[in-house]
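Following this line, the structures themselves.
Same chain, two partners: chain A is paired with chain B first, then with chain C.
Now for the complex of A and B:
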């Protein structure tokens, strides 16, 4: 029983991280049909901003438990400032171009942002493990886990439910769904599609930054963080179905749990288990687990 | 008078031009290749670059200690052409070709990644360009065929793994079930295979409890930590480096992994000061040789260490030492070859001079004695962490001579280990 729980906790922790890392990517694609390669850079940005803010927070002996709030706000705000700026000045002028051109622009942005981050924070690593250790540990059988893992799972659930609420229960969510289905008709009906795009891009980037921010206490925050994230996020999003929120959630859970099983019972398969899942899903469902039906346009 | 002024005015630029040509002929160009960006830059690439800049500056001023006190390389000023090692192996090979064929460098010193060393080696042979590898660990560089122009100035990874197993024995471990967390690429696999083989020889009753091979730059190790902890291993071996190693330490230490098992960090020296408060006492630390805090007390080491700290306000880590070793070997080789040639040596003369040479660096004496005189061997060392007055120190430092940790000439590492180190 305790072995099962250990695998479950490891799997859910990884699933939460995958979901937080990937959900912004699928949101942006779902609304804007942009595969944002710069997503990984926003993850890095969130990690660096969180590292700086946490360093300042603990150096000044501010209330330690409020550091989680500071971490969330700082990472989210950083993404929401830089994201819409890039959307307005780098992407919007190119919306009449092919999707591939936009993808290449986001790749260029990824490279630029990686260098900008190095320019601001340098190449030396940052360590901010205080929030990770602050919540103490819990035991499962003879295994010790940080409660921070539970925080990550809770954060992922909150973000998922929050996005569902936003899409289903708010006016902005309904506008978003309208734009997802047909941006031209939405514009003709008076929806400010440009504003919806800017907010969506900012929100997607902020979610990536939030993931980076909450990962920062568990890692060495150093250059190149975003590369691995964009590859994994892409695998999760494609498996779940580009643009599908339930899809990215299900794919994250499935991949996280399967990876955990592999690590414990067949570590030699761990390297490619996520990509095997992606390949198998795409073989039988080329548009992913929860592909959205697309109306044929005349 | 006017004519005299004209002659003088014309003569000055002419003299400067001629002087300039004479100086250019006396200049040695060295390509230095190390990671300047990406995850390997901070722990390895940048300290190595700093060491190269410091040492070349000291060489050019003639201020390095004997036998490195001749100005530059045999009196010729050294010009360093610095290249970033980041990118795919294809782009690294392209940059290497540019160094040789466009920049016309006289030799190349570089390469941290084992994959890059394996990729560059055949090209160096094709272009007949002397190349001194300074950090990459894979023994396969010379096991996949002898080289005429490629050298490695320090031990390869086998010494790290064999040394770790010998250290466990020297500390009184009698039998140890062991587990590993190593990155799933050339370095991690070679390191684990050598450690696994060495443990089987030294502790015949010991068994592997689990071998975890996470992806390079994975960053998330929760499941791997759970797996090695639940496997009840007496010893946990890891050759993770840089940010991966630091993430593993940050994630595993609070979970008590170091209390349950003896943990061996074969590249731990790069992290031991940064994470001094996180690494528990009793952790076994390696530095890929007798480098950094494990370097022997010699005048050369004292000079290098003091110069580095004076300039960069931080102690040199093992990659800085490895870079210095490679440059010192290159300097001695160049001066030996140019003395024999009576001028600038050819690449063949330079390679002949380095082949089989013995030299001393801040990490001690090294001899190019393997792979037909192209692979250097030297002792290796390990120690155990202990905080004294809040400061991280290493205690119980043990040194193992080269013949105990490196294979015999002509014998592959895996065969040497499998045959009981014979």
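Now for the complex of A and C:
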């Protein structure tokens, strides 16, 4: 029983991380049909910005609990500044080309951003565990867990519900849905599609940065951080069905729990269990768990 | 017969290269071998891209070929390089055929990502297999060429010659394939698959075929690299390796079967120069080059060459 609980708690923590890392990717794809390879770079960007801000925050003895707010805001803002700029100047001029060309540009941006981050922050790792230590531990049975786990799960749930609210209840959400369904008709109806794209891309990148920012206190922030995040996010998003919010939620929960089971019972599978799940899901549901039928072009 | 002209020019270029080999330093010979191997993988990617597909998983066969060679050389005591190449080609081909059954049903991003997933699975398997050295990999012993045992001075040039021969065969095959009815279908599949089906041709079968060809080419390249470097490790299967192949495909363009080798040469030069000049920013240089090519020369370096020659198209 206790082992079951251990797996569940570990799994939920990993699921929350997967969801936060991947949700921005699916948002961008859903609206813009762009698979953003640079997604992982925004994750690193968020982590580094968070590391710098946290270092400054605690060096100056600002109120420690407000550090979480600072963390969230700084990571989010970093993503929202860099993302739309790249979208406007690097991607938009090529929108008339193939999906594949855009994919390759984002791959080029990934290569560039990796090194730009190294140029700004250097190659030495950063450690900012203060927010992590601040939250202390909680006990489940005879096991002790960091409260930070709860924070990650809470954050994932908040982001998920927030996005749902944004899509279903706000004017911008309605516009997004309209653009998702038909870009050209939306534009004809007077929707500023360019602005919607810029905001969506910014939001997607900010979510990746947010995931990186909140992961920063639990790891050593070092170069190459984003490389793994990209492929894991791809796997989660494709399994869930590209562009589907419930899909990415379900896929992260499933993969998080399954990985946790693997870590406990068969650690040698840990590294590739997620990709195996992806391959199996795609074998039976070629477009992922939740996917819309696409019109054939003749 | 422009078909033969392309191949003959390539053959002439390779021959000239080998004749000049004694003037090229050892590291240059090594780099050229890698260039030819990369070009070989990218020749497969060229076929994919002609059909509108981008694979982020060619590293799978690259690594699979390398490990086949490494295992055969270490445990079966096979030393002949052609035998090793043959074994790698066969195992990679079988692997590509098996995965192709599934992958040939997928298009666009799903094709790219699913192939990436398979290559990451191989990476995970190899990285966790301690008997094969986990993430450290293992060494590949020296090889013989049809009974001839190259000395340590002549080993680089001998392997380059083997790679050149292989590249030439692959280019002739690629050229013949692109002129064949199936090769001509590739562009049609990219433009409109449903029309291809109405014509009575099978898009799936065509894609399965090029997938196997691409797998065999990548397996051969992996084998060459294993023999040439003398060491293999699982990072050969990581998605960033596949990314490099995609990079070269775009760099060279898909206008000709020689374009991949041109792209690979450019990639090799940029990589070597950028890496030695500024080891921390070489990715920046590569990324800028990639985006620059997409913006300025959307058809790759090859289009520059054909424009210079005044080809009208």
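Following the convention adopted for this analysis, the second predicted complex is superposed on the first by the 294 of 298 C-alpha atoms of A that agree within 3 Å, B and C clash if a C-alpha of one lies under 4 Å from a C-alpha of the other, contacts with A are read in each partner's own complex, and residues count from 1 in each chain.
As a convention for this text, contacts are C-beta pairs under 8 Å (C-beta built on N, C-alpha and C of every residue); 3 or more make two chains touch, one makes a residue touch a chain.
Keep in mind that this is a model prediction, so the values were computed, not measured.
Residue contacts after overlaying the shared chain place A:268 against chain B and chain C alike. Of the two partner chains placed by the overlay, chain B and chain C both lie in contact with A:118.
By the touch criterion defined above, A:180 reaches neither chain B nor chain C. In the superposition on chain A, A:3 makes contact with chain B only, while chain C stays out of contact range.
Contacts of A:50 after superposition on the shared chain: neither chain B nor chain C is touched. When the two structures are aligned on the shared chain, A:153 is found in touch with neither chain B nor chain C.
In the superposed pair of complexes, A:28 makes contact with neither chain B nor chain C. Of the two partner chains placed by superposition, only chain B is touched by A:259; chain C is not. In the superposed model, A:133 lies in contact with chain B only, and not with chain C.
Touched by chain B in one complex and by chain C in the other are residues 118, 123, 227, 268, 271 of chain A. Contact residues of chain A toward chain B in the complex are 3, 6-7, 9-11, 13-14, 17, 118, 123-125, 127, 129, 132-133, 137, 142-146, 149, 215, 217-220, 222-225, 227-228, 259-260, 263-264, 267-268, 270-271. For chain B in complex with chain A, the residues that touch the partner chain are 37-39, 41-43, 46, 184, 210-215, 217-220, 222-224, 226-227, 229-230, 242-243, 246-247, 250-251, 254-256, 274-275, 278.
Chain A meets chain C in the complex at residues 35, 90, 93-94, 97-101, 103-105, 107-116, 118-119, 123, 227, 230-231, 234-235, 238, 242, 268-269, 271-272, 275-276, 278-279, 282-283, 286-287, 296-298. By the touch rule above, chain C contacts chain A in their complex via residues 49, 52, 54, 102, 105-106, 108-110, 112-114, 116-118, 120-121, 123-125, 127-128, 192, 194-195, 239-240, 243, 246-247, 250, 280-284, 286-288, 290-291, 294-295, 298.
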